[in-house]
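What follows are several structures.
You will see chain A twice below: alongside chain B first, and alongside chain C after that.
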Partner chain A sequence: MLDARNVLADALNMQAEDVPEEASMDDVPEWDSLGHMRVVLLLEEIIGRSLNTEEILSLDSVQSFQHILDESLTVASQVGEGS
Partner chain B sequence: MTEQIPTIDTGRFVLRCLTEDDVTDRYISWLNDPEVTRYLQARNSKHNHDSTLAYVKNHNNIDKFLFGIFDKSKDMHIGNFSLSVSLVHKTGIQGVMIGDKEYWGQGVILEARAGLLDICFGELGLFKVNGLPLASNLPAVFNYKRQAWVVEGIQSKQYLCDGKRVDGIHFSMFRDFWLEKKHA
Partner chain C sequence: MMFSTGYPSAQITNLNTGEKWSAEILASEIRCRAAALVNHGVKSDQRVMICHDGGGAFFADLFAIWSIGACAICTNPASTPSELRNLISFAKPSLLITANSRQIDDLTCLHVQSETLGAFDGTDYVLPLSESNLDSDALILFTSGTTGTPKGVVHSFRSLLARVALNQAYIGTGDLQNTLCVLPTHFGHGLIGNCLTPLFAGQHLILANENVGRVAARFGQILDDHQITFVSSVPSFWKLVVKMSPPPQSQSLHRVHVGSAPLFAQQWSQIVDWAQTDRVFNMYGITETANWISAALPDVENYESGDIGYGWGCKVAVKTPDGCVETKGEGELLIQSPALMTRYLQRQELTDQVLKGGWFHTGDIGQIREDGRIFLVGRHKYEINKGGMKVMPEEIDELLERHDSIEEACTFSVPDELAGEMIGVAVTGVSSLDLNISDLKTWCRKYIVSDKVPDHWFQVDVIPKNERGKINRADVAAYCLELKSNKD
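Right after this comes the complex of A and B.
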């Protein structure tokens, strides 16, 4: 399973171990407005689809990114199994 | 009326009502830059000195305000807040443009909008202020969430942007919440 901390770290030019598991957008100085855009765009690239507005609004912590990653990649693997 | 609205010093920036003297080639160039205006109404028109001057003069500083954001260390204009106020309902709708791209990602909006909210809930006596960004404007959405604005609703496919219909998000900040947050 892909770790959201790696996604955040990649987009924010950080080391994954420097992104706390419980971090929110308030806690990571590198997580600024342009950094947020890079993180969301990278997430969309990984899951292969655009996020809807409710999902965009939910993204404010490592856990919220992990939730979308887990959900999207699980759906993708189930689709793959069924075909 | 301009003299009744104070200049606000936020630390790095100063906010003051724009005047005709602030209509410079630099300001006009922002309005004609598709990257700057990608998510703004301004992108739908061409702008020149006369049209920009008319826009600035249209703000009466009674219920329509145009605050310039100035880098205090350089006394340099870098962007604007527009603010439309309902004097009856004591509410306002604000929007922001950071025209100088060197200042993108520098936390300008978070700091400057805190100053704007102080004006809104102080001198102007507003009860509530709204922001209406496009959902695809991810840096704007970040700034509203980071500043703890409340999501009041999603306007489905409200705008046309880059040839696609996109949602609008209705954010709000209430006076009591802002004052409580400020003094926490």
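Right after this comes the complex of A and C.
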């Protein structure tokens, strides 16, 4: 399973240990509007699809990031198994 | 002065807070605040610093300062106490106005909160006749000042009025009818171009300049809901919009300005497609000319990057490498404009470097073609342009070299797909131990706004220098990026 903190740190040019486990956008100065765009682009690359506006807006914490990551990868693996 | 009245139909809607100010409310707030300023002892030859966000109260404070003939200094609301103290000690305002909740210790000037000014009962207050005139100082915008000696661009009432009048003449009042501002109001682009221009044309200013990511994600909806006719922004904002927001359903946009950073052909096409208008202008402006001085409406078929079109009520020339001033050809862009700053505050030597021979020397390298069309081709200076925000690398070096564990720092620009440029820094430590970059970033945020904290850090054994022992920032950048590339 991919760890959201590692992916976020990668997108935001940080060390994973500097991203608190319960962090929200407000807690991470690097996660500003441009940082958010980097996060969105990297997440889309990983899950292989575009996020919609509501998903982009809901993506505001490590927890919500992990949720979308897990959900999308689960769906992707189910599609893979079914095909 | 002329700013206390004269915009009978102007209104402000602040989408950040939901507040709506009619022209009547604005006029009443200006009057209360002007009376409060006089009550605090502010006189027409003095300066007042505003350090809060751009809602109705910001404009009421600004116009109140101008209505008593004083000079306003607009600063970044996110400035750290250290930055504010540096600016105050340099510019010596008689009063600082901040947001309602902000407390700052050890200030050398009087500090009031905006709400207190607005609550002053100025109904029967007779304002003294202002002793200022059109050539008095009206506005100071700092383009640097994080550390060391700040660089404050001083505009007179005359240069500001000239800029606003020229903007209105070139844009047209119809396009300004519902103007959206997504930019901060302590820069010339956001304040003068995007806000003062529609307000002085008696039009509706709609502010959505907080939480840029959310604004970008809902941008199409915002345009539809408020029937926005005009918006100006920076290329990095449009990258967010095109990626994150569905396009507008209505075609209310009459005009789009994109400026403060280079706009390339592909992005211009994306904006045209998304905004459903081909009236997307690439703008050129600098704080010293009170923002826009030229605009290009590109040819759809033949867009050329760097095209900044034709001057807006100014004379443009180039200084060729052999020192001649020519109206065609390539060289440093020179400007004559009625909207030109009067000087850099208390920096005569610096002023003399840029205002000479009757021309303002921009530091930008341009090309003027036979038909007078202007193209930007480069820059003289090392200034970093991070998504439209200008950062002077020397300031970051100076700050970092104050840190106990850093021996030497060299800040430079790093190319970035989204922001255009990001801030990179090469640092050497006083010992051979690895520097803790996370701690260094946290330390920086105590002294400078978060946006200026370097994004890419490179700890090196030695910062490369030329044979004369001087640092060339471009060489250091190339060295660090190659190190990174080898490591990756």
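Following the convention adopted for this analysis, the second predicted complex is superposed on the first by the 83 of 83 C-alpha atoms of A that agree within 3 Å, B and C clash if a C-alpha of one lies under 4 Å from a C-alpha of the other, contacts with A are read in each partner's own complex, and residues count from 1 in each chain.
Criterion: a contact is a pair of C-beta atoms (placed from the backbone, for glycine too) under 8 Å apart; a residue touches a chain by one contact, two chains touch by 3 or more.
Model, not experiment: these values are computed from the prediction.
K.L.:
Tell me the contact category for A:Thr53 with respect to chain B and chain C: first, second, both or neither.
P.N.:
both
K.L.:
So, does A:Asp26 touch the first partner chain B, the second partner chain C, both, or neither?
P.N.:
In the superposed model, A:Asp26 contacts chain B only, not chain C.
K.L.:
Mind working out whether A:Val40 is in touch with chain B, chain C, both or neither, as first, second, both or neither?
P.N.:
both
K.L.:
Could you say whether A:Asn13 touches chain B, chain C, both of them, or neither, answering first, second, both or neither?
P.N.:
After superposing on A, A:Asn13 lies in contact with chain C but is clear of chain B.
K.L.:
Could you pull out which residues of chain A sit against chain B in one structure and against chain C in the other?
P.N.:
Comparing the two interfaces on chain A, one with chain B and one with chain C, the shared residues are 32-34, 36-37, 40-41, 53, 56-57.
K.L.:
Please output the residues of chain A touching chain B within their complex, sorted ascending.
P.N.:
Listed in rising order, the residues are 25-26, 32-37, 40-41, 53-54, 56-57, 60.
K.L.:
Under the definition above, what is the set of chain B residues touching chain A in their complex?
P.N.:
104-105, 107, 109, 135, 138-143, 145-146, 151, 154, 167, 169
K.L.:
Residue numbers of chain C touching chain A in their complex, please.
P.N.:
Residue positions touching the partner: 211-214, 216-218, 236, 239-240, 243-246, 387, 418-419, 437-438, 441, 445, 450-451, 453, 455-456.
K.L.:
Going by the contact rule set out above, which residues of chain A touch chain C in the complex?
P.N.:
That would be residues 13-15, 18, 29-30, 32-34, 36-38, 40-41, 53, 56-57 of chain A.
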